[in-house]
Structures are given as C-alpha cells and as structure tokens.
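Take a look at the structures below.
Heads up, the next two complexes both have chain A, just with different partners, chain B and then chain C.
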Partner chain A sequence: MDQGMKMLLTGFDLLLALTLLWLAWQLLRSTDIFKAIIFFICFGLLMSLAWVRMHAPDVALAEAAIGTGLTGPLFLAALRRIERKAGKNMMSEPAGNGEETGSRWKARNREMSPLLWTVTALTCCLAGLLIWTVLIIPRPLPGLADQVAGSLAESGVNNPVTAVLLNFRGYDTLLEVMVLLLGAITVWSITHAPFPPRVPDTSPVQKAAVRLLLPLICLIGGYLVWQGAYQTGGAFQGGAVLSAALVLLLISDFLWLPGMRSLPLRLGLTLGPLVFVLLAGFGILVEKTLLRLPVEYAGPLLLFLEAACGLSIGLTLAAFFAGGRPASDLRETPYSGEAKGKGPAES
Partner chain B sequence: MTIPEIIGLACIAAGIPFFLSGTIGMLRFPDIFTRLHALTKADNVGLGFLIIGLCLQTDDWFIVIKLVLIWVLVLTASSASCHLVARRALQKGIRPWTRE
Partner chain C sequence: MTTILYSVTGLLLFVFGLFALIVCPHPLRKILGGNVMSAGIFLFLVAASYRADTGEIDAVPQAMVLTGIVVSVCITAVALVLSTRLQQAADQGARRRRKRRREEDAGE
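Showing the complex of A and B:
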C-alpha cells in the first residue's frame, strides 16, 4: 500500500514535470499572444501545484495569487491595450490561418538561425551547469533551518517563513516592498487610467457575482495576512487577494477611476513602505541595529507591519492593472496615445 | 471501514464519470457553446459528488463547512465566467452550432 502510494506520487510528479516542460515550450512557440497568455496562466497554476509537491506552500500560494492570478490578467489588459492601439482585434483571428502562422514562424526561425544556435548553446550550457550544481550539492542539505527553528521564539511569530521574511531577513522584504512602490510610481508617471477610455458594458451577472464575492475576497485577504504569523500566508499573498478584489471592481465598472481622488490612493500605496522604514529606524534607535525588533513587542509589530504591507501591496498590484494614475490627479496633459481629446475633461 | 466512509467513497466514484465526460465534451464538442455546457454542467455535478464524498470522510464540522464553501464558490465563479464567455462569443457574432 505504502509502496504503491509512493509510486503513484512519483508518477504524478513525473507527469507534472513533463506537462510543465510541454506548456513552457507551447508558450514560447505560440505566435498568437492571447494563446500564449492562456498557456502562461496554465503554466503558473501547474507550477504552484509543483511548489505544493515540493512542500513549499508559501511559494505555491504566492505563485498562484501573484504569478498567475494577477500577472495573467495584467498580460490580458496589456494585450487589450495593444489591440486597441493597433485598431484591430488579434483575439478574433479566424481559426483557419493557424497553418499560415505556423509556416511564418518556421520561416522566421530559419532566418535567425545563427542567433537561435547561440541562444540554444547558451541555454544548454546553463542547463548543464544547473544539473551539475544540483548533483554536487552535499547531502544532508546544508541550510539555516535549524538556526531559524532555534531562534523562532525571538521572532514574535510561529511561522518560520514569516520569521525569516519579516524579522531575520527583513532587509530583503523591505527592498521588495520598495521595488513594488517604485513600479507603482513608474506606472503613475507614464499615463493615466483608464487608458484607453473604455466603454462600460458589464453583464448584470458579472455585477451580481462580484457583489456576492467581494466581501468574501476581502475577508480571505485579511485572513491570509493575519494567518501569516501562524502558518502559510502573509502580506504578499493577502495583498494579492485584496488586489484581485480591486481588479474585479475595476473590470465591473464599480470603481470609476477618473472620479477617484488620488490622495487616499497615494497614502495607501506608501503606507506599507512607510511603516517598514519607520520600523527600520526604530530598530536603529532602540536596538542599535537596522530592522531589529524588540523581542517582547515583535509579534504585534510584525502583525501591524504585515497589515500595512498587505494593504499597500494590494493597492500597488491593482494600480498596475489599472495602468495609470487617476485622471483627477493630472496637472499636465497626459500622454494619450490615440485617445485624443478624450483626456480628463472633468476638473 | 464505517458505513459513512463507504458511502463517501461511492460518492467520489460517482463523481469521476462526470469529470471524465466533462473533459471529453470539452475536447470533442463542435463549438464554444456546447463545450461550455459540457464543462460547467459536468464539473459542477462532479465536484458536488466529490465534496459530498469528502464531507462524509471527516468528523470535523469546520472542514465540512470549508468544503461546502468551496463548492458554492466554484458554482458561482464557473457559472458567472461561463455566462461571460458565452456572452462575449455571441457579441463577436459566433453562431451556435446546428446539425445541418
């Protein structure tokens, strides 16, 4: 029974790995961008399953929520913009010309053959190097797991992943949060949302479903942030779920972006990074070390930090999806693409 | 094995054909509308059987509530997204398949 179960699981893992490779190949060779995005989403979902099989539920949750649940729609939104700009609909290409695109792909393939050979050779070198590295890793695996488990009591949380991410190696997470903020600033600097202006055409079924699901999504996002202290979860996963709620609001035309005030959004975007920097400064002043937290207050401080970061991450990811700052925020004429004269007429 | 566990196993076994037929329908049906029909109808019933079967395997009410919640959420999401896909297809002018 035990032996059979083990074989079954090995077979499952093998199938999973092969499917992932096949999906990656299909994703790369697909000439239809829409199809490639769908492959990407499937790849991400199966990848998060692979993370679960590797006993890394935190990474699996992040992969499912951010890598797939949010990046996929982000790609779709980008494709939609490209299509609108190009003035044609690539999604609705007649099914009959798959043959033609295939041959075009082959033709281009033959043309850039030297480059292709170089890339293939380099990829093979990298793959060989990786395989070799995996083979020479000493067993048992060296790692810091024991040290983390030993000082878990000082961290203020019970989940070793959260302890490492927010306390022992808070520096890395601080930089990650800053990178997200930088991304949001870049998106806001480029254009205003929605870009290009879209026609509200929402199905009543969609509106009803969003009304039904929204409170639950917010609850789950908050729960994931709070749960980070005990088990799988945390600011990034909770934030991604919150941003999913915001994205649903955006695509169902509940939030009408041009009418939104930008100050609350700005405050929300910077709340997490701000709290992080304050905590870092607090560490320097009180504990004489950057980001070191006093042991007795570490738990509540980390929960506060995670809540602030979760909110900011959710807003940041939703800002990526919206693709620009609210139109009410404009002080100068935006880069408007083809949408001339459709800029923010209202105050 | 207790009687609820056996009934649970039977429910899970009853759910498998629905998943199977849903998958085959998705692959073999002629157009987008019939494929959607196969996918949502079959998956919902199949998942329902699976959830009932799993509920009967546990003693913990909390897990039962969670499982039923998953079913309700999947029902909501899949029916709404099915409607949206079909609506978009109709807007694009894709005609439903008919047997000529």
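Showing the complex of A and C:
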C-alpha cells in the first residue's frame, strides 16, 4: 500500500472517530428525544462503517441490521407509546396542573449544579484513567487467531466467526439464545401488545409494497443464514432481516396478524433454543462432551442449527417490536392499575 | 495507530454513555446512554484485537461482540417495555391523586 493511500485511510479513520463522538454527544444532550433517537440511528450506521474499517464484516452486518435497524424502531415505538399516554392525559385533564405528567422527567438541571460538577469531574477522571491504561498496554496483544485458523477444518464451516460462534464457543451462543428467549418471556409477561397497532390508515402503496417486498426479504434472510457457513452472514444477521419483514407486516396493519393464534408463535420462539439444547445433549451422547459435534457431521448439523436459530431470532426480535403478547392470547383482562368496575382477573 | 484511535474512541463513547446514564432523568435517554456505552465497549474490544500491520483478524472477539449486540438489543427491549409500564402507572397515579383532590375541593 503506497503512502498516499495510507494517509487517506488515516484521515478517514480520524474523521469517522470524530463524527462518532460528535453524534454520541449530540444524541445524549439534545433536548428532543425524537431527535436523539434519529441521531442514534445515524450513530449505529456509522458504527457499522467503523466495523468494516476493522475488517469485521460480520459485526458490521449485525450492527446495521440488529443494532440500528431494529433498536431504532424499538425506541421510536416506545417513545410513541409513552407520549401517547402522556398526551391523552393532558387532553382529558384541565390545563394548569400538569406538573406530574409530561414535565416529570424534564431536566432539573440548573438547581443541582454542584452535584453535576462532581459527576463531570469524576467522569473526566475515569476517561483519563482509561485512556492512560490503553496507551500503556504492551503491544501486540495476544490473540486466539492462530488457534482458530488451526482447527477451522474440524468445525464444519469455513467462516471463522461462525465457527467460533456455533462450534468452538457454542456455550456462549447457547446462553445468548436463552437470554433472547428469556427477554421474550419477560416482555410477554409485563404487557400485552397494543393490537391492533394504531395505524389509522395505511396507504395502499405501502400495503402493495410490503406484499411485493416480503418474499424478497425472506429470501435474503434465508440466503444470509445459508452463506454464514462460508462467508459473512449467519443466523443473527439472517434472523434480523427476517424480523424486519415481520416488523413491516406489523406496521402495515395487515388484519390477519392481530387475530393470529399464539401457539405457532410460541413454537417458533422456542424452536432455536430447543434445537440447541438437543444438539448439546447429542454431543454428550456421542462425543461425551457438552456441545462437541462429530467432525464428519458438523457441517449439516450447524446449518440445521443456524436455520432454527435464525427463525427464532427473527420471531423474538419482532415480538420485541410488537411490545407484548398478542391480544388474542389474553385469557384475563389486562392489568390496568386502576380497577374501574372491571374485575382484576376473570379467568 | 488505527488500533489506538478506535480504542480511545470506544472508551470516550463509554464515558459519554455513563455520564448520560447518571445525569439524564428521562428513562429513554438513560437507555440510549446504555446503548452508547455498550457500543463503546464493543468498539474497544474489536479495536484492541485488530492488527493493522498484518491485517490478520481474530474471530473470537468478533464473535463475542456479535453475541453482545444481540444481548444488548434484548436488554433494550425489556428496559423499554418496563419504562413504558412505569410511565403508564405513574400517569394513573397522578390522575387518581388529582381526582381525589377535586373530590375534596367539592366536599368542602
């Protein structure tokens, strides 16, 4: 690589780092939460650019699809729910005593100045300490790249990141899939989804576009899962693309969705964890070790596992976006804090 | 050079997020701060393992970061649902208090 190219790349790195810091600062201090969320989405997209610069395309894809493509809409949906509730209150109540609804979380910034200064000083100290630590670490740092490259042939896949995720460190991924399932269970226990999603009139253009796009999105998701075996891609990225399709369905107000029975959803949510646990048990039976796969069958088994996990991850992320269990699933009236003539639980 | 630049950026992002988490009162802003913190940690982890001279990649930190991104989305979703419920409950409490005050005013 010649000198000019190197300088250009260094300049690009510098610019990217400064932009990331500026965006983070803006998103944390702008007064409007909506603006902050938009800044966050831009921040995530630039983060995925940084991942590409560090030769981590798998992480870049995951960041763009999950970290930004899904977290942004999650925040926007939550913001709308919070603001709608607050707004409804303000309309139904006479003005003048709204001291608690909207303004409760407005910054009481000016009056706690000494405390604020202390926190700022402590944070600056922490930053200085951390940066100093990074600068005195002896380089190059030790890594596991050689070991991974050495045993890649036994893993059944050619992509080192997929090999680490699903074979060498399968235990981490098993726990991660369990965390996802636990998250879905928590969300479903706390609240029910506000179905039908309050989209008053979806435009026909949007509906037609979703109809056309949906098969294509599913195809891309499946392809990402498939190509995880030998290049960038995998269950997480594929699942995230699948969840994007489901989110599109949710916001386009397709009527069959709210009335959907929850049993298929539950089965889909648990399919990935179930297959993973079965595979772990299979490892104990055949190879006498948890999660170790026989070398000759590792490839097909991992593909099967990835497909199941991709489906479950897609459904879980979409369930997060829906923000609760399907309304058709309710056997009792949802908890409403204030029992207005309704019994709290009529099963 | 690239390694140190991105490591320091990651650490600064972590500190920004932590500061916002402590200072900002709005729950959504706190969750955003937590997300910025996790992005900083991920950036630091991958940047520390990147070898600019050989261009060699280490798959283990990358897989860990991939896991971390998914887990942080999971945490974000649960936190958002909780904060929505919190707001709902607080609003109901405020409405009830106001109603009681009005009844007391009418009774006097």
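The working rule: the second predicted complex is superposed on the first by the 284 of 347 C-alpha atoms of A that agree within 3 Å, B and C clash if a C-alpha of one lies under 4 Å from a C-alpha of the other, contacts with A are read in each partner's own complex, and residues count from 1 in each chain.
Please note the rule applied: a residue touches a chain if its C-beta (ideal position, glycine included) is under 8 Å from a C-beta of that chain, and two chains touch if they have at least 3 such contacts.
Keep in mind that what you see is a predicted model, and the values were worked out from it rather than measured.
Upon superposition of the two complexes on chain A, no clash is found between chain B and chain C, which fit side by side.
Once the two complexes are overlaid on the shared chain, A:251 sits clear of chain B and of chain C alike.
More residues of chain A are in touch with C than with the other of chain B and chain C. In the superposition on chain A, A:209 makes contact with chain B only, not with chain C.
When both complexes are overlaid on chain A, the residue A:46 reaches neither chain B nor chain C.
Distance between chain B and chain C in the overlay is 24 Å (nearest C-alpha pair, rounded to whole angstrom).
Shared contact residues on chain A (touching chain B in one structure, chain C in the other): none found. Residues 1-9, 11-20, 22-29, 31-33, 35-36, 39, 42-44, 46-51, 55-67, 69-78, 80-85, 87-98 of chain C are the ones that touch chain A when the two sit in their complex. The touching residues of chain A, when paired with chain B in their complex, are 92, 203, 205-206, 208-209, 212-213, 216. Within the complex formed with chain A, the residues of chain B that make contact are 73, 76-77, 80, 83-84, 87, 92.
Residues 9-10, 13-14, 17, 20-21, 24-25, 27-29, 33, 36-37, 40, 43-44, 47, 50-51, 53-56, 58-59, 62-63, 66-67, 70-71, 74-75, 77-79, 81-82, 85-86, 89, 93, 97, 100-101, 104-108, 116, 119-120, 123, 126-127, 130-131, 134-135, 137, 139-141, 143-145, 148, 160-161, 163-165, 169, 172-173, 176, 179-180, 182-183, 186-187, 190-191, 234, 236, 313, 317, 320, 323-324, 336-338 of chain A are the ones that touch chain C when the two sit in their complex.
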